[in-house]
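Chain naming follows the written order as A, B and C, and within any one chain the residues start at number 1.
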Amino acid sequence: MSVSPWRFKLVTRANPSRALVLLAPVLAVALALVFGALMILALGKSPLQAFDVYFAQPLADPFSLAEIVVKASPLVMIALGLAFCYRANLWNIGAEGQFVIGGTLGGGIAVATHGMTHMTFWILPTMLVVGMVGGALYALIPAVLKVTLGVSEILVSLMLVYVAQLNLDYLVRGPWRDPKGFNFPVTAGFDTAATLPPLWPGGAVHSGVAITVLLVIIMAVVLARTRFGFAVRTAGLAPRAAGFAGFEHRRLTLALFALSGGLAGLAGVVEVSGVINQLQPSISPGYGFAAIIVAFLGRLSPVGILVAGLVLALTYIGGEAAQIAMKLPLDLTTAFQGVVLMCVLAADVLTHYRLTIARRAS
Amino acid sequence: MSSVFFQAVAATIIASSIPLILAAIGELVAERSGMLNLGVEGMMLMGAVCGFIGAYFSGSTLIGALCGVAAGMAMAALYGLLTIGFAVNQVAAGLALTIFGQGLSGLVGAHFVGLKRDGAPHLHLPWLSDLPYIGHMLFGEDGFAYVAVGLVAGVAWFLRYSRAGLDLRAVGDNPASAHALGMPVGGIRLKAVLFGGACAGLSGAYLTLAYTPFWSPGLSAGRGWIALALVVFASWKPWRVVLGALLFGGATILQLQAQALGIRLPSQMLSALPYVVTILALILLNLRRNRGSLTPAALGLPFVADT
Amino acid sequence: MTNLSRRNLLTGAASLGLGASIIGTASAATKLKAAFVYVGPVGDFGYSYQHDQGRLEMQKALGDKVETSFLESVPEAGSEQTFAQLARSGHDLIFGTSFGYMDPMVKVSKQYPKVKFEHATGYKRTPNLSTYSAKFHEGRYVIGQIAGKMTKNNTIGYIAAFPIPEVVSGINAFMLGAQSVNPGIKLKIIWANVWFDPGKEADAAKVLLSQGCDIICQHTDSAAPLQVVEKAGKHGFGQSSDMARFAPKAILTSIVDHWGGYYIKRTQAVLDGTWKSTDTWGGMDLDMVRMAPFTNMPDNVKAMAVATSAAIKADKLNPFHGPIVKQDGTIAAKAGDVVADKDILSMNWYVKGIDDKLPS
């Protein structure tokens, strides 16, 4: 390898190039399309048609757009909280578990109040609050263990994902099972009072999406304009500076885990209340893990996360469309999704570094 | 209960721990150099499918295992290109690698679903395997078990005593100083990542060649993630990887044993046992010792030399 | 160098995948469009694989008149959007093959009244949503009898996925079959809490062997337990598909899900304009449950298995015929009676003799 007379080197840019901030994603997509086209050609299909089905058609179709928005909503909501954690170098990778706990506890209220006809106005708000608090408390387990005993939050938060899933599994197969459900593992369907209404009457988009958009704005302001936001931004780079802002690292750890767990829990209860409308053994197709990549794709900034969440949702919807319309195997769309992500990440380097090529001194 | 029973239980625990040990010891080396590679699951799946294909065509478990190693290394090279070459965020690159590996392994293996080959033969070590009580338990395994133990011993020695190991740790703790001292930070990290990929690939190959000798998409079923957690459990110390894997594998097997014995607890509670036990064990270990773990100081941080 | 190997990796993999696209050809405008939604990968060689075999059988039988496509590994949570997307993109007939798709399919079927829906293993129907399932427990009764005859120490291991009625009724039918030839039989049950995790399934089989079981029965999807049993020189049964190739010496038979006949019938009904919303619960009589060849057993056991299968197929033998006593001592069916279909479909109790507890 070292026989090459040329040397490639990355040099940090003082200021990220504005032109490249825009150009990099374009370059990334172009690169991904080249790799994708090779794979699709090898399967004997037309890449142009595939890309049309995968990217263009979903974006041109209002129904698919609604689907993308509904899929992106939990990803964005979870990733918003995770981004705050990751900026402070706190590794909460158990958002999937916090999502499940939020959905379980919030959904539990819907199960308990099933059939109530009077005074039901409080049910939905309570579900949302309980889901959020439940997710926050669940995330505080790894946080408390970290600040008191120095136990790694990576391990605890990940292991607790499996515990949360098995807990929900137990509840819907046992105590919470729908008595009229022929002993199948689902709870009774939620009443209207426990269901998030659509954003507009008859619409396909539930009002949880509005909460997500609102949260993007709030989190962007918090991050940019508040002392807490300053502490978060500096905690990862210079922990002591964060201390000067009045946030000692332990308190910050607890606060950020509670925040990210709370948002994951809220996403969970919004999902069961707005989309699934009942509890079942599995309420997440892996949103909590996918949100990690959304957080980084969005460069840990709230607005970036919104865009990244929509992009990832598009690859899911487009992938399904490609399976149906082109009979491309799911594995191809999954591999292609990986390629897209890697290209986007790799292209990002151009905005932060300058690639220099120099002749190697002999 | 007879000693035959206990030997069988121990052998089952060991067998279920081997894939975790193999993947975790490789990841440990990568992480000690500062590289947090969350792509273990993807590398394992590629190792699993390529290992199966290699063994299927060659008829040799050894060649299959080498194919698995090569596939894991190829995946790791991709990760190295992104993180070391392009300074991409390690967590994101690793997750993308896992997604890519899940899809690619399914594509590559589509033709090999439903095919089978015989499992790797047990290596019978004369005299040792015939020892009473512990003979079958410790020396009745297939070759992968010995490789796993050998790798752990080798890594432990390497990190502690060898010059290269010292360099690797320096790169993981303070890449800027290491660079200033003239160490090739990128090169050392790439080698560590490739070693991690090789081990993950071997772990995958163990699944399709010895543990459950067939290929099916997604058959690693999350073991790559458990391996990642075990590195943390081990506080980045090689022998504690073995301890953690045996603990996790042991809890898994014991809950199955308890179910088969007719213990009337909800099976979900028993299934959660390995995860809870691992957390509790880590808490206990942290209570007992205050010496802190060997967390590499620069874990997960990209390094770009500006000079 | 790394760049080069990456490109090789991709193209190499893609060319290997070339043969993998076994599916479909171009469509004509007038063809009936049928879509299948699977919960697992078609490569699981178990449940979803068998549904896809049914799709292929139907495609072959009906040829140019129908165009089929499928979606694999579709999570149950959020599947409503998937079904809606299929309905609005011009599909005439949509099969959903997992219980968890039930409520999403009910909702979508109301939104798209012109599209025909078929849901496997559920119980909710609408004017354009049918349900279908197979009497898997009939096969379980047959293998229970075989196990009862073949066991040397009367201890049989059973690896079960989840406590849903299909699995519970399977355990009961297995036990009733075993008891019919061997009253002293003992069953050790492990709930794996997964449908598919080869490693965990293999571990469960090893554990059951270590506790003295000499026959292992599974209601999970992978062939891993059979391979363990083969290596240990014991016996086992295949699940969903004929798994003989994985354990040629150990396998006694497999319970094979056969959906092709049903898919042909229902698709033909749509073509003929005679499709109606209905519930189909077929067993060996409708050829929805098949027994793979009986192997590795003495001739008299084989003859018994053949006779039992024939009796069930001819509707002369119901696995749940009385007298049946529940675990708690109450009577489930008196002599001469049978357990009603609706009670089998929602079964949440064990027959006497099973030492395990169901979640409640």
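Here is the rule we go by: a contact is a pair of C-beta atoms (placed from the backbone, for glycine too) under 8 Å apart; a residue touches a chain by one contact, two chains touch by 3 or more.
All of these numbers come straight from a predicted model, not from anything done at the bench.
S.K.: What chains touch subunit A and also subunit C?
M.R.: B
S.K.: Which chain's mean C-alpha position is the greatest distance from subunit A's?
M.R.: If we average the C-alpha coordinates per chain, C ends up farthest from subunit A.
S.K.: As a quick test, compute the distance in whole Å between the mean CA positions of subunit A and subunit C.
M.R.: Result: the chain centres lie 34 Å from each other.
S.K.: Centre to centre, by mean C-alpha position, how many angstrom separate subunit A and subunit B?
M.R.: Their C-alpha centroids are separated by 27 Å.
S.K.: Could you state the distance in Å from the CA-based centre of subunit B to that of subunit C?
M.R.: Between these chains, centre-to-centre, one finds 34 Å.
S.K.: Where in subunit B do residues touch two or more other chains at once?
M.R.: 78, 85, 104, 106-107, 110, 217, 266, 268, 271
S.K.: Quick check: what residues of subunit C touch more than one other chain, meaning two or more?
M.R.: Those would be 10, 13-14, 17, 20, 41, 163, 193, 359.
S.K.: Among the residues of subunit A, which are close enough to touch at least two other chains?
M.R.: Those would be 166, 169-170, 173-174, 329-332, 335, 339.
S.K.: Which stretch or stretches of subunit C touch subunit B in the complex?
M.R.: Against subunit B, the touching part of subunit C is residues 2-3, 5-6, 9-10, 13-14, 16-17, 19-20, 41, 43-45, 49, 157, 163, 188-191, 193-194, 196-204, 206-211, 222-224, 227, 231, 245-246, 355-357, 359.
S.K.: Using the touch rule from the top, collect the residues of subunit A that touch subunit C in their complex.
M.R.: 1, 35, 38-39, 41-45, 63-64, 67, 70-71, 166, 169-170, 173-175, 182-186, 189, 204, 271, 275-278, 280-286, 317, 320-321, 323-325, 327-332, 335, 339
S.K.: For the complex, give me every residue of subunit B touching subunit A.
M.R.: Interface residues on the subunit B side: 42, 78, 82, 85-89, 91-93, 95-107, 110, 217, 225, 228-229, 232-233, 266, 268-269, 271-272, 275-276, 278-279, 282-283, 286-287, 292-293, 300, 304, 306.
S.K.: Can you list the residues on subunit B that touch subunit C in the complex?
M.R.: Residues in contact with subunit C: 5, 8-9, 12, 15-16, 19, 74, 77-78, 80-81, 85, 104, 106-111, 113-114, 116, 119, 207, 211-214, 216-219, 221, 223, 252-253, 256-257, 259-262, 264, 266-268, 271.
S.K.: Provide the residue numbers of subunit A that touch subunit B in the complex, in ascending order.
M.R.: Touch residues, subunit A against subunit B: 8, 10-12, 86, 89, 145, 149-152, 154-156, 158-160, 162-163, 166-167, 169-170, 173-174, 289, 292-293, 296-297, 329-339, 341-342, 345-346, 348-349, 352-353.
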